[in-house]
Structure formats: structure tokens, C-alpha cells
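These are the structures, in C-alpha cells.
Below, chain A partners chain B and then partners chain C, in two separate complexes.
Now for the complex of A and B:
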């Protein structure tokens, strides 16, 4: 009786209410994120003996195989290359758009522009990938268009079912993710700083390089991470438009789990991919912080 | 010949006009600013003073007229190519750079070695009283320090003109008064022409060699502080600079002299010199500063003229007391400032008093002006 009273009282305090509010999400995250993650990590040290049978003795054999087999290394490197290129293309193309919306659009029209930029999200990711199939295909929009105007005679075959198609599709899909953080960073720049730079003798170009770019760096770093981290593990796009030469590490993880019945090796690949992404992301965060002059904040 | 060049203004604006759409932001601005002058643009917000400053800096275009700096037409010359530097209202300190990097920002293209640039930046910091602050992060500075950094950053480039856009408005009163004195000293030390934009008439009076008072995109009066205070050329300027009491009057001409019948004060002779806008025969307004009136105590007699009044309000300031008194037959009270002398009591509300006033301290305006 006393205990239940105490519990009831606890849930009326601010702390208790906070816990109540956060608990559904916390439980969800715990059950569907933390538990599977731990499971994957644990499984990666096991050996699969049958369809549902595991030898739970600790082994590093999976890691040895994953790190030595050239196939996995090639897939991992290709994944890194693809998401690196996608990130580069996306961020380089997103920056001018974000810059234009922030500096070239009247304040009252900015939200409209941002709204327009998000329109691609109104259709499902899958449909957008299929859309690129229609555009890039052998008899697709691009090939028939180019043939109709007489630029090419034979349809181009290097644009679909290979790495290029994966890069084009992913870059398009992630463009808004890159535009928004850069836009926010640019919006935060006090415009009088740009005037001050001009006033102190710098041209437009030098003002951009010495003031705008360093101050936009946090947004660029955010954009890079937001694009790089999910694309490295992207599974749908390489599967649909990548062809055999465009497959990435996520496709191999799926194959290991579902087709080859080697969940421990799939788990190992997943853990390794996660580690590599984490290392790259942290390195990039540190670099980005430096570029933004973050280190100067430490000395007071 | 030598005298002629010495008299040539450093900055010369001729008939500068600017529109924002339908809004006439600058109306026929004519202004000459001399080398080494501490010049202020004073006016209420929205009067065009900042626009004018930004026009000189090269941040705003103008429709017609000309802006000359050192005999060079500035039309089409961008801000980075002008011999002016600005201290922004927000100070515009680069948050990603340290203090010394901020100060040295404009020295990139200077033909100096890296160590010379650093020395110049250090010297500029020392000049504004921030010696040893160079390595600090810009965001770790207080408002007053930011302002000093902005000053050092502009002065290190040795501009012909330093433009200050309401630089003290973000500081608290004490800091502001301290910075006013420091700025005056600094200006004398470097000998650079300063152009200050402010809405604070006291600040303008304290700091400036000359002041241009602006209303609605026009320069209403451009004079040194004392002339502005004593001989404002319109009621509006008089009202904006300091406190000015106004009483209605009628002016008539008798022979060669002008006589003014002032409500509550009686009749007095006025001279043309007292009428900056010309003698307004007929309906007029006379203005006088609070310190030109004196309350007479027991046994004191007026040096010039005296008039009876009733104390309506008392505002005690420690060193000063402001009395609002009502003259006979006048509804609107008039403000009188009195220095508090030891041994003399502050008078209470409702006290009957005699007020001493001198006809020579009056300024006579047209009723409408």
C-alpha cells in the first residue's frame, strides 16, 4: 500500500512525468534498436551449423573471413566509393541551391522554396528509384530522347545496371537532406559579417571563401554525414538499378542472412560496416569542427 | 592655392537622392565633411541617417547626385575599394576567428610581412585598450570589448574616414559614457575623420565637432553643437536637441523694432538674430532652454525680467532639480532646471514662485515651422 502510494507520487513529480512521456519511445528504441544491435554483435561471434542451429562458441573466424576474402573487401570498398561519390556530388550540388535560397530569395518566399525542394519526398523512395529506371533504361527516356534528336544511334548501355546508375539515383534521393542543413547554416550567418568583410577590402569571392564558407561548415558537415551514413548501407537502390556490378555491402549482408544461411558472417559484415562508418563520421566531425574554428572556443 | 586645398572637404555630397520604391529615403542631401572632423548624423529612427552612412560606405546606391571622397567620384565604386571603414551597429565580429585574426582580417592584401601584420594588429588592439586579448575567441568577449575589436579592426587599415553606425547603442549607460570619451580621445590621436550615426542627441553634442540633424531624409540643420543648441533653425530641431520650452506669442513691427507679446511672460523686444527662420510677424512660437530660466527665492531679484508662476511638478535629480511651472494664463507647463545649492530647499508642488527670464535667451520660430 505504501509502496504503490510512493510510485503514484513519483509519477506526479516532474521527473516522473518526464519518464512517463519518454518511456514509449525509449522502450521502442530499446527493443527495436538496442536489442537487435546487441544480438547482431553477439551473433557475429557464432557459427551457423544448420538452418536455425548455431554453434554459440566464441570464434573470430567470421571476422577473419570478412577481412581476408577479396569479395567482401571489394564490396566494402565499392560501398565506400559509391557513398563517398554520392556525398560529394550531393553536397556540391546542394550548396549552390541552399546558397541561392538563403541569399537570393526574398525572405517571404523562402519557405515556399524549401517546400518545393521537399516535393520529391511526396512519392515513395521505391517509386523514385523506379523512375530512374524509366529514365536511364535501354529503351528509357534518356536513350530514346537522345536517339530521337540524333545525338546517338545505339542506346547507351553504361547508364543503367551499374555503379553510375546507383550514384545518380542516390544523389537525387538524398539531395533535400543535403540542402536543408546547409540552408540552415547559411541562414544563421549574420549578413553584416559579409558587409564587414567587403568593408575591410575583400571582394565577393574572397568574402565567400573567408566568411561564408567557414561559417557554413557545420551545415556542410551535417549534410555530409546525413548523406554518407545512410547511403553506405543502402540496399534498395543497388538492388534495383545497380545490376551485378553495382551491388554494395548491404546486398551481401542480405545474401548472407537469407540465401546462404550464414547469419554470423552477415552480422560480422554489418558490424564491420558500422565500425567503418563510425570511424569516418567521427574523423569528419573533428575535421569539420576545426574548419569552423571550433578549436578557438576552448581558449578563454 | 595651398589654402584652397586645405579648405577642400574630404567628403562632399551633392544633391544625393535615393528612393526605396515609392519611399524617398534621401532628399537632396548636400554635405561637406572636412578632414579630421568628428561629424555626427543625428535624427530619429527612420530619418535616413544610416542610409546616408551606408551610401558613403558603398553599401547603398543612390539615384541622383554625387558622392566624392578625396575628390574622387564614388559612383560605382564598391565598398571594398573605398577609403572608408565601418564599425557596424552589431559590431559584426567574425565568430569563427580569434580577436587578433579579426583585427588582422583586412590586412591580407597589405604589403607587409606576416609578423608586421601581427604587430600592426597588436598595436591596434593596444590602442583600443585590449592589449593581450588577441588569442581570445570572439564569442568570449563582452559587448564593450566587441566594440573595441570592431574599432581596432577598422583603424588598423588607416582609413581616410571611419564610419560608426550607432556604435554605442548596445552598451549600458555607464559604458556608453566611458566609450564616448574614449572615442573622442582616439579620434584626436589618430586624426582620422569620424562620421557617427546616432539617435542620441546628448551623445552627438558630447562627441561631435559638427552635427547634421536629419528628419525624413532631409538635413534640417548642420552646425556645430553650440549653434545647434542655442540657435536651432526650426522648432523641430529645437525640440529634438535637448529640452526646449515653447510658448505661443504674437510678433509685431513698430518702426525698426520687433515686439513679441508672449503668453505668460509679457511683451519684449526681439532682434532678427533671435529668429533663425526670419522674423515671423504675426502668430509665432518662442522657445527657451530650461537653464535660461531661474526660480527666484526670497530676497532675490531678477537680473532681467520676472514673471509669476505656480510649481506644477518637481523632479529631483540629486545635483539638479527640474521644476515644471505654469505661468499665468498658460495651460502647458514650462520646464526649469535649477542646480541644487547647499542650504536651499527644494520647493514643493503648488508653491507660488517668481521666475526670472531674459529676453536675449529666447529663440523665435514661425508657428508652423
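Now for the complex of A and C:
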């Protein structure tokens, strides 16, 4: 009775009410995210024996196969390269936009600009990817346009059904993801710091490099992670515009699960992909923090 | 700043280029999706009326999107209220985990749910798509609702308690009306995400496809592509409409306190 009384009292405190309120959502995430993620980890050590049957004896065979088969290794490396390049392109292209909206647009027009930038993100992903196929195709918009103005005679064929097409399409799809965090970080910069730097005789460029850029670093780090992590698992883009040479790890995971009926191997590939992404993300986070801190130290 | 503005406008054109092409091909009489355009037609829109399989998929998607939006917003209200009012042990970790689907590749969510469902001996269907969509929509709902709850003045609720209202009636009479713009915005955003989501639906939909899953299967038939363009045009117009309404409500909510952060994400 004493214990239940204490529990009842706990749920009347600030902490208790907070816990109670968050519990339905937390429970949902626990059951539908934590449990499935643990399940996929466990199954990666099993062997498939039938349509829905598994040999549950612990084995590392799937990991051995995933790490030694050149096909899987190639897909994994290509996925990493594609998401790395897509991240680099989107963040480099996005920074000037975020900077322009934060510093060059009147305050009352800022949310309109941000709204305009985010709208394409909310329109059908499938349709957008498919339209890139239309744009980049052999008889596509780009080729017929370039032919019409006489820049090229033969249609360019290196822009569809390969890795280039995957990179262009993904860079387009993830653009708003890169702009928003950088914009938020730039908005937080105290404008008087920039004035102080100019008053102390720094040039506009040096002020940007030594004050604005280091202060925007957390936004850039967030942008890199928010683009890099989901792109590595993209399925639709490589499938529609990648051709056989542009397929990525998510396509193989899908094949293992839905076509080859080898869920354990698919699970292994999924676990490995998540592990690699997590390691890279954490390493980047540490490096990013150190870089931002290092620059601060250099300012003296 | 001038050259930056030119760059920004070019960038916007790049962002919108695919969407602008959509209606061009949707109203073009040629059966091939390429330039030059032939003549104006609404044939592809009327063709959509004859695709009965698509109508089933549309209904299925609507059902899933409405249910997921209501569930995600409800779960979002609980979490947003908890973090904006109270601090509790493990808050950062718990919230970080709830928000994880924002960055987790959807294919991971899809296959891990599929495995659990199959292991439990259940069959996939609309219910499992709803379960998955609720999971990925909840973080978006929380992000929107959190700013709505943060904007709320707690003294209004205290006044209601002092006047003898119970916690339940205070929530219904005071809190709910004040955060309503945020709730509507969260519902619309979740609905839009669910209507558009492909990967989770592709893995978990079972025998009844959702609209994006059906659309994906249409892409394999060149004959159907003009109809895809027509369907795409309708979907894009509807999403833009819904998002604009959501933005209107979100801003109306934000305006009351003057802390407009400028976006959903």
C-alpha cells in the first residue's frame, strides 16, 4: 500500500505528469520502432528455411556473405558514394540560399521564401522522380532542348539510367532538407556580432569566414546528417532512374525480402547499412563539433 | 546580395522545374511524354475515370491517410504537451527516439515492421500501413504541435482551475481551442505525408494497393503514362492546396504569440 501510494504521489508531481503524458507516444514508438529494430537485428543471425519459417540457431553466415560477396560490397560502396556526393552537392548549393533568405530578405518575407522552398518537398515523391526520368531521358526535355538550340547534335546518353541520374534526382529531392537547418542556424546569429567585427576593421569576407561561418556550423552539421542518413536508404530513385548500374543497397534489401525470400540476408544488409551510417554520422558529429570549437579558439 | 538573389531565383526554378512540366504533359495529346508538345486535350483526365482499380487504391489511401493523421496527431498532442509543460527524467532520450523516424530511412522502418508482422503470423493490409504511417507522421505532428503548446500561456489554464474546472474540462474548454490551429496543421501535414508515402505502403499493403503503390505499377506501362501525368497533376495541386491551408493555420497559431519560426521542419 505504501508503494502504491508513493507511485500515486509521483504521478501528481511535475515529473510524473510529464512521464504519464508522454507514455502513449513513447509506448507506440517502443512497440512499433524499438521492437521491430531489435527483431531485424535478431533475425539477421537466423537462416530462412521456408516461406515464413526460420532456423533460429545463431549463425554469422549472413554477415559473412554480406561482407565478402563483391555484389553486396559494390552496392554498399556505391550507396555510400551516392549519399556522400548528394550531401556535398545539396549542402554547398543550399548554403547561399539559406544565407540569402536569412540576410538578404526582409523579415516579413522570410517565411514566404521558406514556404516556397519547402512546397516541392510535399508533392508526390514518385511523380517528382519519374519527371526526372522524363527530363533526363534520351528523348527527354533536356536533350531535345539542347538539340533545339544547337548545343548538341546527338542526345546525351550519360545522364539517364546511371549513377549521375540518381545523384541529380536525389540532390533535387533533398534540397529543402539542407536549406532549413542552415537557415535556422543563420537566423540565430546575433547581428551585432557582425557589426562588431566590421567595426574592429575586419573586411566583409573575413567577417563571413571568421564570424558567420563558424556560427553557422551547427546548422551545416545538421544539414549534412539530415541529407546523408535518409539518402543512403533511398529505393525509388535508383529503381526509376538508376538503371542496372545505379542500383543501391535499398534495392537489394527489397529484393532479398520480397523476391528472393531471404529475410535474414535482407535484415543483415539493413543492419550493416544502419551501422555504417551511424558510425559515419557519429564521426562527422565529433569532427564537426571539434571544427566549430577549433575555429572559436582561433578567434582569440 | 544582388547576385545571390539571381542565384536564389534560379534555384527556385530548378526546384519547381519537374512540377511545372507535369501539367504540360498532362494536357498534351501525344501518348509519348516528350517535347515537342502536340495539342491540348483533357482526354487523360477522363481516362482516369475509367481506371476502376485506381479508384479502389484512392479510397484505400484516403482511409489510411485519415486514420494515420488522426492517430499521429493524437500521439503528437500527448508528446508535445509533455515536453512543452513538464520536464521528466530521460526526456531527451525518449523524445530523440520518438523523433528518430524523421531521419531513419523508410525502408528500414518498412522491413523491420514487415518482419515482426510476419513473425507474429499476421497478414499485412491497410492496418499495417496505418501503423507504419502513424509512426513516421508522429514526429512531424510533434514538431508543429510543440510550437503551438509552447506559445500557450499557462496562466489561462490556471485561471480555469481556479474557477473550478477539472483538468479534463480545462483541456476541452481552454487548451484545445487555443492550440486548434496547430492541431489542424498537424492533421493536414500528416494526411499529406501518408497520402504520398510509397516505401512503407509498398512493403506492408498486402493485396490492396494504396494510390502511390498503384501509381508505381502504372509506371511500367507506357500506354498509361499520360494518365499518370494527369493523376500527378491532380495530386500535386491537392498537396499544394493542403500544405497552404496547413501553413495558414500554423501561422495563425504562431501569430498569437509572435514566435514564427518560419517552417514545419
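Criterion: the second predicted complex is superposed on the first by the 269 of 300 C-alpha atoms of A that agree within 3 Å, B and C clash if a C-alpha of one lies under 4 Å from a C-alpha of the other, contacts with A are read in each partner's own complex, and residues count from 1 in each chain.
Heads up, the rule we're going with is that contacts are C-beta pairs under 8 Å (C-beta built on N, C-alpha and C of every residue); 3 or more make two chains touch, one makes a residue touch a chain.
Note that this is a predicted model, so its numbers are computed, not measured.
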Touching partner for A:221 - first (chain B), second (chain C), both, neither: neither
Touching partner for A:201 - first (chain B), second (chain C), both, neither: first
First (chain B), second (chain C), both or neither touched by A:101: second
Contacts of A:182 with chain B and chain C, given as first, second, both or neither: neither
Superposed model, chain A: greater residue contact from chain B or chain C: C
Chain B versus chain C as contact partner of A:117, first or second or both or neither: second
First (chain B), second (chain C), both or neither touched by A:211: first
Sites on chain A touched by chain C in the complex: 14-19, 21-26, 28-29, 32-37, 39-40, 43, 52, 93, 96-97, 99-101, 103-104, 110-111, 113-120, 122-128, 130-132, 134-135, 137, 139-141, 144-145, 172, 175-177, 180, 183-184, 187, 225-226, 229-230, 232-236, 240, 250, 253-254, 257-258, 263, 266-267, 270, 273-274
Of all residues in chain B, those that touch chain A in their complex: 57-59, 78-81, 84-86, 88-90, 92, 94-98, 105-106, 108-109, 135-140, 153-154, 157
Parts of chain C lying in touch with chain A, wherever the complex brings them together: 1, 4-5, 7-8, 11-12, 14-19, 21-22, 25, 32-36, 75-76, 78-79, 81-83, 85-89, 91, 94-95, 97-98, 100-109, 111-116, 118-119, 121, 131-132, 134-135, 138, 142, 192, 196, 198-199, 203, 212, 215-216, 219, 228, 232, 235-236, 239-240, 242-243, 247, 251, 260-265
Partner chain B, residues of chain A touching it in the complex: 190, 192-193, 195-203, 206, 210-211, 214-215, 292-293, 296-297, 299-300
